[in-house]
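Below are structures written as structure tokens.
In what follows, subunit A forms one complex with subunit B and a second complex with subunit C.
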Partner chain A sequence: MAMSQKWWLRALIGSAQILVLVSLLVAAVSLLGSSTDQRILTVFLINLIAAIGLQIYTGTSGIISFGHVGFMALGAYGSALFTADPAIKAMGIPNAPDFILTSAMGFLPAMLIGVGVAAMVAAVIGRVFVRLGGSAAAVATLGFMVMVFTVLSNAEEWTRGAKAFSGIPAYTTMGWCMGAFAVILVIARLLRESDTGLGLRSSRDDAIAAQASGVDVVNSRYVMWVASAACSAVAGALYAHYIGAILPKAFHFELTFLVVTMVIVGGQSITGAIVGTLLITILAEALRRLENGFSLGSFSLSEAPGLTTAVLALLIVFTLTMRPQGLVGRWELDDLTARWLAKRRPAANGTALPFEKDRERNPAA
Partner chain B sequence: MELMLQQFINAVSLGSIYALVALGVAIVFSILRLANFAHGELMTVAGYTLYATLLAGVHWFLAALAAIAASVIAALLLERLAYRRLRSANPLTLLITSFAVSVALQSLFLLFFGARPKGIELPAFVDAGFRIGQLRVQWLDVFIIVITGLIVLSLHLFLKKTVIGLALRSAADDFRTTRLMGIKANAVVVGAFMLSGALAGIAALFYFATVPNVVPSSGFEPMLKGFIACVIGGLGSLPAAVVGGFLLAFLEVGSDAILSNSLSPYLDAIVFGIAIILLRWRPGGLFGVRMTEDLRV
Partner chain C sequence: MNFKASDVVMKFKGLTALDGVSLEVAKGEIVGLIGPNGSGKTTLLNVTSGVYSPTSGSFSMGAEIWSKISLRDAARRGIRRTFQNIRLFNSLTVLETVEVASAWLGTGDRRENALNALDELHFTQHRDRMATELAYGMQRRLEIARAIAGKLEFLLLDEPTAGLNHGESEEIVTIVQAIRRRRGCGIVIIDHDLNVIMNVCDRVVVLSEGKVIASGPPQEVRRDPQVIKAYLGS
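Take a look at the complex of A and B:
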């Protein structure tokens, strides 16, 4: 039944359903929540964009990338360098080239520059990474993340090196986050439902059969790779203009772990990335409050910097042992609502319950 | 000429460390298809053990043994607590689990030891050296190279000449058939993790002898280098891991020698860049290992 719809219509309906839910969440928090809640919500939306960005590649190709935080860093620095006040730049990075020193752009053009740089880098290195799968891809992309980190930490003339680059205008508002989220959500769903995305998703089950059916696996992966790098860069730019000061260390192992976890715990769909981000954000926040809130005898948990991450990591291992295919598997929200509707009106819809059996047969898919 | 020879010795010594790390990674990968990112944390465990025992005034030889034992025990615990339940999970889940285990261990180190570097009190002989003409050679480098050579040789003999070695090799080739031949799966996996832990421990001794302080994230860099070495050589093959390790070290030392001073901070980025270019032509590694399920296309 779902297949009879046009692919772009399916993508738009799916995006609309998710957008309504996220908008309700945002509206509720904006009206009822404290300023802390709103800060958490903004960070949640930025993480959401980062997770969807990564999911564009991982969700369709089945290949994990530990390198997308590198693209986030490029987006963040690209946007920050072109928007920061020239007077601040004259002090912080006096040796930078003139076109950076003098520029004081608006948010959108600067963000687009950051996104463009990330997309260009992705396009250059992408040809290598799309040929790698599984563990080899994980290691190589991790190497790329470290490459970006090394370059940013040492290019002192441009980035102030390992020191924080501060004075970035605080452009990131809830409106910007929601706008960027909506655009990227629609792009992600369109890419996923398109012929390219469909072919690629079939290749994650059986690459050889997909190729035999005419799917150009390598080139499809390449398209997704560049698009997902660009979307990750948007998240990086939003992050930079939210925090106001960035340093290369912020785009390293920990953030990589966080984003990758959101994607894997959630499942293989865009909905999965959203569910994963929601779960991790709630868990991290709950743990943080717990950490501040109590102490065990003389062992005060507020002085335990690694505890949140440790517990989070253990919870993730636990979740994956229980549900290896991720929380929602490969289903999108609109698949699930369509199934729910079909269940309610089995008589009205002759071909009910299309994938009930499928799921039992193939739990790992 | 002396400078060249000096650099050559540096490269071989560094390559030995990388090769040991890569071997430890490759043994587990070849059998379980598990990229154990927590391998670096095994090295950190050995590092902290070395720090604690040397601080307590234990003789260096016993401290070294304790460090190796600690990382073997840590490896076995990881296998039992984290990886055993997931043995039949898909490769991506395994990958993320090992990543999560690595992050969890780093956080635990941070919790127990703090973020400050712990200086390891190395025995004096580590700095000792001798001269051949203009060339100053550190005993440590000679020691690292000789021990690594012995380890690679004995590992080779162990895998080729003993029944356990045969079981490990056949499990790497086809785990299911090996089990049908009556080999206990747990025995093979535990054996692989013991070997891997021991190699991590020995590599950690050499690594911390050259970088004598340990922080919670100490293991990350050698782990990443070891993995890149494996990928360059061909993931899953032991000889490829050794060759990859030495190749990576020669790339690193060679680039450092050629590059001007202004570029040398970018060394890691440049070396990884070259590695990525190599992968462009040989996606399966230099030895073009047989494309397994998760590597084809």
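Take a look at the complex of A and C:
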């Protein structure tokens, strides 16, 4: 939809537009916001990376995955195990292998290990998973998330099992979050606009017509699946190094539900994932406060546990019923800008769209 | 280079949809495929384009011979098609719809190739509209634009004028002739509108109950007693 001809240029321009807006938001909160606001902003950016990670697969293939939080967990534990203070590890996981016990890596190499592990697992299971669609894919991916949870909960020698693995260095800063977000945003847009992404988006609408147009649906899904798992792992690593202590339960149904809601409510595009994340983060934060009790006139409630989950569930039901394509649908910010400009600009000679001027027409049809 | 389907049999459980059908199409030739409902026309297109794997039979194109092929591999060999029930991409624009094919089956710039295909169908001014927002006749034309973007050796058109008015059908005839002239591809066209078939085809093949009952120039086939009995009814 954008005016530029090359798909990669459209992806970069679209990424830049979003990056400017998010940077403005970060700058405003950093300068004017309280420490609580900055905490919420960091959580928002981590959620954003998780949602974009999921959207790389779901937004292009149309297949929802409940398993991406499993990749977040692999990224989180992968990075945490190689960065935590060896003295703390000697106490917490004394029976872990030496290469883990002695390791005290920097953030980037450790994060890359976590991402690599997630990508390898995705590459192995992906060959089967990408052949599934609809409810089969939903159940299989959910099963994967539960398997990761179960393995991490029982691998006590490596992870302390269900207990918290603490002593993780607090490397996650606003700068790291923005840097990771920028890289993943560009990757996500490039993948989406590429031949692979376009082909996969067409298969989401009609797989037979897509294949008749030459699209390799299975391999395209596979590429997106592995890439999206790797991006989700980055979110997991950032989360681990922000919170400082992780446990398998942090990467279970609740987080899965949150990230999936962001993507469903937002829409099918990367912009949609961002809009969904913004909305859900604000909503979840507001609801979290209400859960501790609130008064409304003469009505007061001491505690409302589970309010957040209940409202998010209602939001999913509402979205799927009233606007199944999500708030933004298939559109990216640059698409919406171009369409808006096209409507405002008077068409040349009363007929042509503004895009018509970018190319010589062949008059002999 | 000719496309040849030899002795193709397609059985669906107890039903034999194609019973030893052979069809040959030369490059640059337009072949009409007609027959009563249920005679196997669309099934023949489906096995040719890889939607179904035939029970037996073989296909060849130049030196290449195969018995089964996937939709995608058929498309990569340049066997392209439209569908009886229009199959467009709900979430893509007109230009993106054609770009899918030019990206996966073309060489060079995918957008440039897609714009060329849209030009051929007089469609460029609609490029930024959503594919499924188009009027029905335009959707039929968009399917053809998608089918000619990228590699094209043989074009299979499944009822391209179904649901169109007389003027729109005439336009499709002009488009089909223009595609043959410009691309030099072989074209197989299924249509219930005999005027379309008679006007545009070099040769007509008539199917009845999964078998070829007649083949030849349109005027000759029209007079064939078997065809009159099975299909034309007068």
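Operating definition for what follows: the second predicted complex is superposed on the first by the 331 of 365 C-alpha atoms of A that agree within 3 Å, B and C clash if a C-alpha of one lies under 4 Å from a C-alpha of the other, contacts with A are read in each partner's own complex, and residues count from 1 in each chain.
Note that in this section a residue touches a chain if its C-beta (ideal position, glycine included) is under 8 Å from a C-beta of that chain, and two chains touch if they have at least 3 such contacts.
Treat the numbers as computed from the prediction; the structure is a model and nothing was measured.
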Discussion item. One more residue to check, A:154. First (subunit B), second (subunit C), both or neither?
Written reply: first
Worksheet item: On subunit A, which partner's contacts cover more residues, subunit B's or subunit C's?
Response: B
Worksheet item: After lining up the shared chain so the two structures overlap, which partner does A:208 touch, if you call subunit B first and subunit C second: first, second, both or neither?
Response: both
Practice prompt. With the two complexes superposed on chain A, say which partner A:324 touches: subunit B (first), subunit C (second), both, or neither.
Written response: first
Worksheet item: Should A:139 be classified as contacting the first partner (subunit B), the second (subunit C), both, or neither?
Response: first
Practice prompt. In the overlay, answer first, second, both or neither for which of subunit B and subunit C A:175 touches.
Written response: neither
Discussion item. For A:7 in the superposed arrangement: first (subunit B), second (subunit C), both or neither?
Written reply: second
Worksheet item: Should A:94 be classified as contacting the first partner (subunit B), the second (subunit C), both, or neither?
Response: neither
Worksheet item: Looking at the overlay, what does A:125 touch: subunit B (first), subunit C (second), both, or neither?
Response: first
Worksheet item: Should A:313 be classified as contacting the first partner (subunit B), the second (subunit C), both, or neither?
Response: first
Worksheet, complete the sentence: Check: subunit A residues flagged as touching subunit B and also subunit C 208, 211, 325
Worksheet item: For the complex, which residues does subunit B have touching subunit A?
Response: 29, 33, 35, 82, 85-86, 89-93, 95-97, 99-101, 103-104, 106-111, 115, 216-217, 220, 224, 227-228, 230-231, 235, 265-269, 272-273, 275-277, 279-280, 283-285, 292-297
Discussion item. Give the list of subunit A residues in touch with subunit B in this complex.
Written reply: 62, 64, 66, 125, 127-128, 131-136, 138-140, 142-144, 146-148, 150-151, 153-154, 203, 207-208, 211, 217-218, 253-254, 257, 260-261, 264, 304-310, 313-314, 316-317, 320-321, 324-325, 364
Worksheet item: Given the complex with subunit C, which residues does subunit A contribute to the contact?
Response: 1, 5-7, 195, 198-199, 201-202, 204-206, 208-216, 268, 325, 329-330, 339, 342, 351-353, 355-356, 359, 361-362, 365
Fill in: Residues of subunit C touching subunit A in the complex
49-51, 70-72, 74-76, 80-81, 83, 87-93, 96-97, 99-101, 103-105, 109-112, 115-116, 119-122, 124-125, 127-128, 146-147, 149-151, 178
